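Every chain is named by a letter (A, B, C and D) in the order it is written, and numbering of its residues begins at 1.
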Amino acid sequence: MPTEEKTPFDRRYIYIVLFVLISIPLLYPLNLPIPISPMSQDVWDATVALSPGDIVVHSFDFGPSTLPENEPQCSSHLFHCRELGLRVVAVAFWAAGGPLAHDIISEIYGEGYENTAAYGTEIVYIGYIPGAEVGMQTFGDSTWDAKGTDHYGTSLPDLALMQEVRSVADVTLWAEWTSGTPGEQQVIQFIQGRHQGENTDWPLVRGEHLLPIVAGSTAVSVPGMMPFYSAGQLVGILNGLAGAGEYEKLVNDVYPQYPYEQGPGLDAQSVAHILVILFVVIGNITWAISKSGGGKSS
Amino acid sequence: MIPPNIGQLPPELDLFAAIFGVFATIFIYSFLWKENPLSRAVEHLFVGLAAVFTLAFMYDAALSQAVWGTNRLAEGNFIWIIPILLSLMYFFFFSKKYFFLYRYPVSIVAGVMAGMMICGMIQSNFLAQIQATVELPLVGAGVWEGWPPAGLNSIIMIIGIITALTFFFFTWEHTGALGISTRIGRYFLMATFGSAYGGTVMARMSLFIGRLRFLYETSYQDWFWAWYLVPIAAIIVILVALWDRSKG
Amino acid sequence: MSLVVKRYIPLAITFIMGFIMVIATYFLAPGTPARDATALLTATVDVLVVTAGAIGLVALLRHHLMNINKRGRFWQYSTITIIAVIIYLIIGLYGVATHEQRYMYASELFSWVYSNIYVHMDMTIFSLLAFFIASAAYRAFRLRSLEASVLLIVGSLMLLGRAPIGGVIWEGFPAIAEWLLTVPNAAGNRAITIGIAIGAISLAIRQLLGVERGYLGPER
Amino acid sequence: MNFINEGLVASFAMLVIVLAEILIALFIARGGTHVPKIRKIAGLEAIEEAVGRATEMGRPITYTTGLGGIRDQYYYQTVAGLNILGHTAELAAKYGAKLLYFPYDPTIMPMAHEVMEQGYIRAGKQEAFNPENIIYLGGDQFPWAFGVLGTTYREQSAANIHMGPFWAESLILAEAGFYTGAIQVMGTANYHQIHFFVVASDYALIGEELMAAGAYLSKDPTQIGSLWGADFSKLTAIAIMLIGVILTAANVTALNDFLAL
């Protein structure tokens, strides 16, 4: 059992090696090539399949602690949506996501976007909707009832875009940026599941028109998302930092003005993964030696 | 919920935030070496802030529901006083005699959540999963082409799902055919856990990479760089650790 | 009598609420007044538990004040907690006092402390996991038994497949990782998911019927 | 005008089947006609060992129910965790070990208080129950986790028991036990965290095993009956999947059409 064992190789050495070796590629990037995974490609395909003017909901359901992973995912996708001429309704079901989303949207649509003409026609930011899954359910049933005003205090019925988005049936794609609960599962349960078949533009999944959901998540949650992905409830997934880097690369290939920034981070990932494998190998070797040593390990 | 800013904060506060960030980061990392006075101080500070943050979070959520929501107290719908009064029953936590009164708000919440959960579970965790399994392709055009063929994947999945599910049988002995099935199921569960663990490493590493980038790349008006402070913080950690050890 | 008030009425309330929610989901059409009325029930949840945040705060203060009072272990650090609570609470209450809608978050300083002080500690503690995940893998991924070996091999293949370097070493690694995620992982997760659904429902039934020996259940 | 809301017909049918199976089995067991035996769950047996070890070493037991409250859809795991807390408290009282409980969501503090106290009463040692051993550390994920980590370290706890819904803090808690050499028993039904518990703890409860714990520990025929019914529900799920796969392969879509209703 792990806790009983006296490790001959102190955990602190593992920590130090990790700290030092991960710092290196951040300071001196290695520029390794990036293959695109099918899950990220699916997100791209689902987005380019829409026609200009279609409505996309961006749901910012993460806190500051997972910004390194979620931020490049949603920024690159939001940028892509803007370039394709899609109209965006942004919401946040995490209290901490409220101010974060404002910052991220400002980066893409420009500082002070809430005072421009585009606001209310091309983009609306509703802000934090309290109540977690309950809030989601209400938003899906009737967008105006979930929250009276947008993030900046304007009443929702006064916004031209929100006149067209009365319930989730008017939405053509849901982009879920999440790092926990409420997240993709709650959207599937309380929005997609409740509204199946309400819009015939939605893709047909197992005989029902389902609201297409693309998700970007921390790599932790992705294995748990796989049943929903293979069941068609999720159309595509951006998997952690790698997914973000891949999407940035896809966007960067078509729109060179979009900065592709995850290179050094992904190099550091590679180093980290190799290190962990090395640790596992060393662990097994020392364990085998101590075992053959005849009861030395106490 | 977060209203527009009132007033402006002086920009120098950003400098303070960066300095605090570096010290807090290094002090917390010092825990990895050994629990020490600095990590302990950060821990106590953090717990204090968190308790207030939780209160603010719950208070603001309740306020936006009960008072400022559509057709709520602010618009003269006084029935919303009832849940507020019910919630006050929680305060009997501090009374020995009327302690049980907390059960009233809790019983409503637990009932509502149980009902919501049952429906959600059946729909998305039970039915949708069965549906997806039923529709795994076994025959048809292209199903047995390529490598690995989709048909083979389907067969592996069906075997995996069924055997792993038998692992969760509680009231039948795991012997005979059921025993074989649960054994195979355990291997599938182990593969699930292994792949989940391996897939998680990336997420955890990116958090650390994010922190390192904060230490290496943060600057304030181009004259102060966060990494200037890293050695200072490290020296403080070492000094305090020595002091702590000398104290015994 | 007292047992009725203490146990059976709350139990009955729980049962009725659960029943209403299930009926509403299946039989009350969305948009009808009856459905909207049940939706209001879910909206009260946040309101019903609001004072719990305050009792948590009081319990925390009491714990640390007692520690200081009796000069318990590390009592000096208890003062840090108490000072943090008092200062942050004052900032929050200032927001309540000055903002028209009485939100705590409304104080700019309150959200500033959150997004500039709090977040640094939050992210750093989260990132400790990078170290822990490496050392846990070092300790636990051993070729101890056949089952442990499955864990080890699948885990290592995933490690190689999920980082860009895996594809550079051999282009098959990402494909293997993808396959592991979409086939065996999905199969195991689906079984766990179905099991959880049934387990949760059977727990909910025990709870709604009051046979579970929890906080509302019968005394034995 | 539909009787059952659109898109939920199959879901309702499934609910009726599952409920019927669980309730029938529950009442059969309650009547005493047939009370099934439960298979051994190692993780739950290990709790007694852990408590015993902590007593021997004269060091405390750390217990948490994860990030569970009653106002989220994961509350069923919290309830399961509280049931095991009651059992652990009873054992701790019996042996005379110190049990520290760290609630996360303040909404469950009164419940935890009551469940723990009931455990001490069952062991006949009500006077040994000290409410000060319920330590609130703020209701936010990482302050709470760091608080538990630090406190576990300072108290040098000899047994760590974590049962309930866990998120990213799961591995922090598991590592805390490694630092103090504690025996660790952990369980969760959050499938994105189970693997951490399986890898890093001594005994792990996987998914449904957590929810079955209350029935397992109580040895109450009624509760065991509900587990028996749940087994039949799983059997039904397997049967539907097998029949469905065969029908789909034979190009008969009746079942698929029904499930999509």
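We adopt the following convention: a contact is a pair of C-beta atoms (placed from the backbone, for glycine too) under 8 Å apart; a residue touches a chain by one contact, two chains touch by 3 or more.
All of these numbers come straight from a predicted model, not from anything done at the bench.
The greatest centre-to-centre distance from subunit A, using averaged C-alpha positions, is reached by D. For the criterion of most C-beta pairs in contact, the winning chain pair is B-C.
Taking each chain's centre as the average of its CA atoms, subunit A and subunit B sit 15 Å apart. Between subunit A and subunit D the centroid-to-centroid distance comes to 29 Å (mean Cα coordinates, whole Å). Centre-to-centre separation of subunit C and subunit D, using mean CA positions: 14 Å. Chain centres here are Cα means. That of subunit A falls 19 Å from that of subunit C.
Shown for subunit B are the residues in touch with two or more other chains, namely 1-3, 28, 31-32, 40, 43, 46-51, 53-54, 57-58, 60-61, 64-65, 68-69, 90, 93, 106, 109-110, 113-114, 116-120, 122-123, 126, 129-133, 135, 158, 161-162, 165, 168, 189-190, 192-197, 199-202, 204-205, 207-208, 210.
Among all residues of subunit C, those that touch two or more other chains are 22, 25-26, 30, 42-43, 45-46, 49, 52-53, 55-57, 60, 74, 105, 111, 114, 121-123, 125-126, 128-137, 139-141, 151-152, 155-156, 159, 162-163, 181-182, 185-186, 189-190, 192-196, 198-201, 204, 207, 215.
Residue numbers of subunit D whose C-beta contacts span two or more other chains: 8, 11, 15, 18, 70-73, 76, 106-107, 109-111, 114, 136-140, 142-143, 146, 154, 168, 178, 191-192, 194, 196, 198-200, 206-208, 212, 227, 230, 234, 237, 256, 259-260. If you check the complex, the residues on subunit C that touch subunit D are 22, 25-30, 45-46, 49, 52-53, 55-57, 59-60, 63, 66, 73-74, 121-122, 125-126, 128-129, 132-133, 135-137, 139-141, 151, 189, 192-196, 198-207, 209, 211-215, 219-220.
Subunit A contributes residues 1-4, 11, 65, 132-133, 180-181, 186, 193-194, 196-197, 206-208, 220-221, 223-224 to its touches with subunit D in the complex. Those residues of subunit B that touch subunit D in the complex are listed here as 28, 31, 35, 39-40, 43, 46-51, 53-54, 57-58, 90, 93, 99, 102, 106, 109-110, 113-114, 116-120, 122-123, 126-127, 130-131, 133-139, 154, 158, 161-162, 165-166, 168-174, 189-190, 192-194, 196-197, 200.
For subunit B in complex with subunit C, the touching residues are 1-3, 5-9, 13-14, 17, 20-21, 24-25, 28-29, 31-32, 40-69, 80, 83-84, 86-88, 90-91, 93-94, 100, 103-119, 121-122, 125-126, 129-130, 132-133, 148, 153, 156-165, 167-168, 185-202, 204-205, 207-208, 210-211, 214. Contacts from subunit C toward subunit B in the complex involve residues 5-7, 9-11, 13-22, 24-26, 41-58, 60, 74, 77-78, 80-85, 88-89, 92, 98-99, 101-114, 116-118, 120-121, 123-134, 137, 146-148, 150-159, 161-163, 177, 179-201, 204, 207-208, 215-216.
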